[in-house]
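Got a structure here, written out as structure tokens. Questions coming.
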Amino acid sequence: DRPFTLIAGPCQIESREHALEIAGELVKVCGEVGVPLIFKSSYDKANRTSLNAGRGVGIDQGLQILAEVRETFGCPVLTDVHEPPQCAIAAEYVDVLQIPAFLCRQTDLVVAAGETGKAVNIKKGQFLAPWDVANIAAKVVATGNQQILLTDRGTSFGYNTLVSDMRGLPEMARDGYPVVIDATHSVQQPGGKGGSSGGQREFVPVIARAALAVGVAAVFMECHPEPDSAPSDGPNMVPLDQVGGLLATFKAFDSIAKANPITLD
Amino acid sequence: DRPFTLIAGPCQIESREHALEIAGELVKVCGEVGVPLIFKSSYDKANRTSLNAGRGVGIDQGLQILAEVRETFGCPVLTDVHEPPQCAIAAEYVDVLQIPAFLCRQTDLVVAAGETGKAVNIKKGQFLAPWDVANIAAKVVATGNQQILLTDRGTSFGYNTLVSDMRGLPEMARDGYPVVIDATHSVQQPGGKGGSSGGQREFVPVIARAALAVGVAAVFMECHPEPDSAPSDGPNMVPLDQVGGLLATFKAFDSIAKANPITLD
Amino acid sequence: DRPFTLIAGPCQIESREHALEIAGELVKVCGEVGVPLIFKSSYDKANRTSLNAGRGVGIDQGLQILAEVRETFGCPVLTDVHEPPQCAIAAEYVDVLQIPAFLCRQTDLVVAAGETGKAVNIKKGQFLAPWDVANIAAKVVATGNQQILLTDRGTSFGYNTLVSDMRGLPEMARDGYPVVIDATHSVQQPGGKGGSSGGQREFVPVIARAALAVGVAAVFMECHPEPDSAPSDGPNMVPLDQVGGLLATFKAFDSIAKANPITLD
Amino acid sequence: DRPFTLIAGPCQIESREHALEIAGELVKVCGEVGVPLIFKSSYDKANRTSLNAGRGVGIDQGLQILAEVRETFGCPVLTDVHEPPQCAIAAEYVDVLQIPAFLCRQTDLVVAAGETGKAVNIKKGQFLAPWDVANIAAKVVATGNQQILLTDRGTSFGYNTLVSDMRGLPEMARDGYPVVIDATHSVQQPGGKGGSSGGQREFVPVIARAALAVGVAAVFMECHPEPDSAPSDGPNMVPLDQVGGLLATFKAFDSIAKANPITLD
């Protein structure tokens, strides 16, 4: 019944200045609208379509920058981890460890993230049904950690396309963990015949508004000052200067949804 | 930018009294919430899963009952047609002719409906993409009739399941025709190993709210005083006494969406 | 355990000469390979993507031509029907009445076809699971007609694409009716943003060979002397002069499959 | 144009005796039919549905057992790797390193496997299109290693189901690398509401025969003396005593396919 949180930031950490600039702008617009912010950015893009695509600044520099964002703006920060040993390292700098969708079935990674005691954001693999995430959450719970978020980022639908099944949101919420809609990656066009993924930025508000009306705890939405020149996920990131306008509308939908919650059973 | 319309009624016309009772109740709750009503019911279920399933009262009696609903309550009425000659007959009694999803590619039926001059509600086949309906609308336009509604009732997703792609709603709206979300049949579980279709009534509000937040002209939602004893689509019809409560929430989402329209391009 | 039958011919009857020429060539190559032929062609394409697309010669002329093919070459002929009254008419001229995939759930059409006593070829809708066809077959059986064929022509898979699930073939065969693989329409790319369907002719042998290795009673494969100038389904018809070569390979796969049948349970 | 290879063995290494017994039996039946064998088994099941599911004997013991199989029977051995450092270790014991489907987009793992100089079997993720694997193969090629196999193990199709698209086999073969059909995991029913994956063992021959008729370089088929008591993938493993019978039929289909290759363009 609390207002939704925005999980936002650029797909990858491009530089210290870049991250701080975007975080500052997000803090400002979130403050104006009254939406809590979790700053998200990646230190390594470990699963690029093509070998030649840029992977980011690396774990050491990346975590330093995230820590500086947290210190400068006082907002929690989130990043994704790719191998078990990264979990304990990242946990010293960030508030939320994110399990990438492709890796959500890797038991060692999920357990290592859980063991840090930090919040763990599990992205539902594109190849899983909404009810399948309960087994993954149970792997975190087994470490004694119940700080779990569950994120929907779309489900495979034919080739090179995802679909967002709105029924999945209350389904994923059955066990009581906060559910997040990832409006950025849900509109990705994965793979493709070329060497990178496409995306449909114009549908980000479609997915976010629909999910908010159903009821979610948070909206995940990557943004960038100049998405078309971003090194990754440019086609589906929202221009930074549009975030404030979107948030105001999102908040209105969220208020109605929170006052009229949908529950199954 | 106008408020959404409710297209509602029992899946099939069970009797004169039954239809009038439900129409009366719907007129009342729609009036209370300030939502226009189009009464919907079928005189023939022409595509039942099983041969033994009840098909309804037939075209003669059915159209008489629909006309009486219209006369009694002053609301427009909608019914579905299944063969070209039925179009001209039904057009004398109803305001909107509906092309069933399975039949949306039957040129003669679509053209016959268009030629009546009545509004034509085209249901997007479960086997079509959102952009495919433009070719069907063009068949109606070719008759000189531009009163067209386009309805999404879900898309095939694996076996015995449909998924509602929210991106399809603005996609279907590109040509300017009103877009309807059919929240009842979108949660159908078509076919199945048994002799009838299943459904997930609990997800009707999920689909309707999501679609309203994206922006639709109307919500199609079948309802029944006792869904579990209805002769068809019982598992996905909403209990009549819940319609009023749903409408109030729907209206709140609709108001925000209409004030903040999503447009592609 | 008998060899497979070829159901082939041009998508639509373009003219008497055209049909006879193609039938003659098919009779020749089938005879050489030792494969029984059922000649297939349509008198009306009732569900074209676009209103302006050609629909064919019509029922009167079309049935005359089919009858002449049958008389001239002594092979059974098959055509598809689109409305109940066409069944009795077509039954006077052809050996097999085919229910189009989009229409497979229209009870009146299926029953009217069954009542002719002719063989009925039911195409599984793209929106149905393999086990769903049993309910359709039961509608024919209820007319006292057990001459039923069940055809797989692909299943919806995302947008504008079909997929052929080979597990569906033995699943559809559970009740003992002959199962047909439609290798032509399984490689259709339905709809699309343009005004017609695309297709992938190069995959016709892929689907046919795979299905024959699993075990089917017949292969449905449309062909044309000049597919690229055909009025419909050109992109997925096989050039007539390649049919003989394909058949020889098909027969080899079929022989092994018939000697080593797959049965479920 | 060479005969197909069988990649087979139990899903996981249960014990030294168990692996040697199965390998011995497979060597015998492959020898009788004249089919080359690559023995496959896993030392760690790193992505079990449930935390409590058994994971296997571990990398040290597992690789020792695989080496003993290779030495005892003279057949190449294959195992899957889950983190980059495992590649160099496993490469000292096995002939083929396999990239699991869920991990096929993890650049570091793919590159580490490539750098060993051993053959790398890339499993196409359930979330990828056939043409997407070319980008993964390119990551291996960039290490100077061109010994690549590409395996299809099914594609997401709705929830908890996979479908095998036979068109994907020649599509994946476009770059000339050998293509493998994984008939075991293609019939998996991933996830499910319970704590483990289901499977449809009866469809293993369906998928294998279909793929062989299209044309593949190898068939991947897990087997077990008592599948129903196996710790993982029991529902989709083939009983060991049925392998010989299946192979004889597979070989017949393969011979025809190799004599009549399908090529796109």
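Going by the order they are written in, the chains are A, B, C and D; count residues from 1 in each one.
Methods note: a residue touches a chain if its C-beta (ideal position, glycine included) is under 8 Å from a C-beta of that chain, and two chains touch if they have at least 3 such contacts.
In this text, all values refer to a predicted model and were calculated from it rather than measured experimentally.
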Homomeric contact subunit C-subunit D: same or different residue positions, threshold half: same
Chain of greatest Cα-centre distance to subunit A: C
Between A-B and A-D, the pair with more C-beta contacts: A-D
Where subunit B and subunit D are represented by their mean Cα positions, the distance between them in whole Å: 48
Rounded Å distance between subunit A and subunit B, as computed from the means of their C-alpha atoms: 36
Gap in Å, rounded to a whole number, between the CA centres of subunit D and subunit A: 33
Interface hub residues of subunit C, defined as touching at least two other chains: 155, 157, 159
In the complex with subunit A, residue positions of subunit C that touch it: 157-159, 161
For the subunit A and subunit D complex, residues of the former touching the latter: 46-51, 55, 82-84, 102-103, 105-108, 111, 125-132, 135, 138-139, 142, 155-156, 159-160, 190-193, 195
In the complex with subunit B, residue positions of subunit A that touch it: 155, 157, 163-167, 169-170, 187, 200, 202-203, 205-207, 209-214, 249, 252-253, 256-257, 260, 262, 264-265
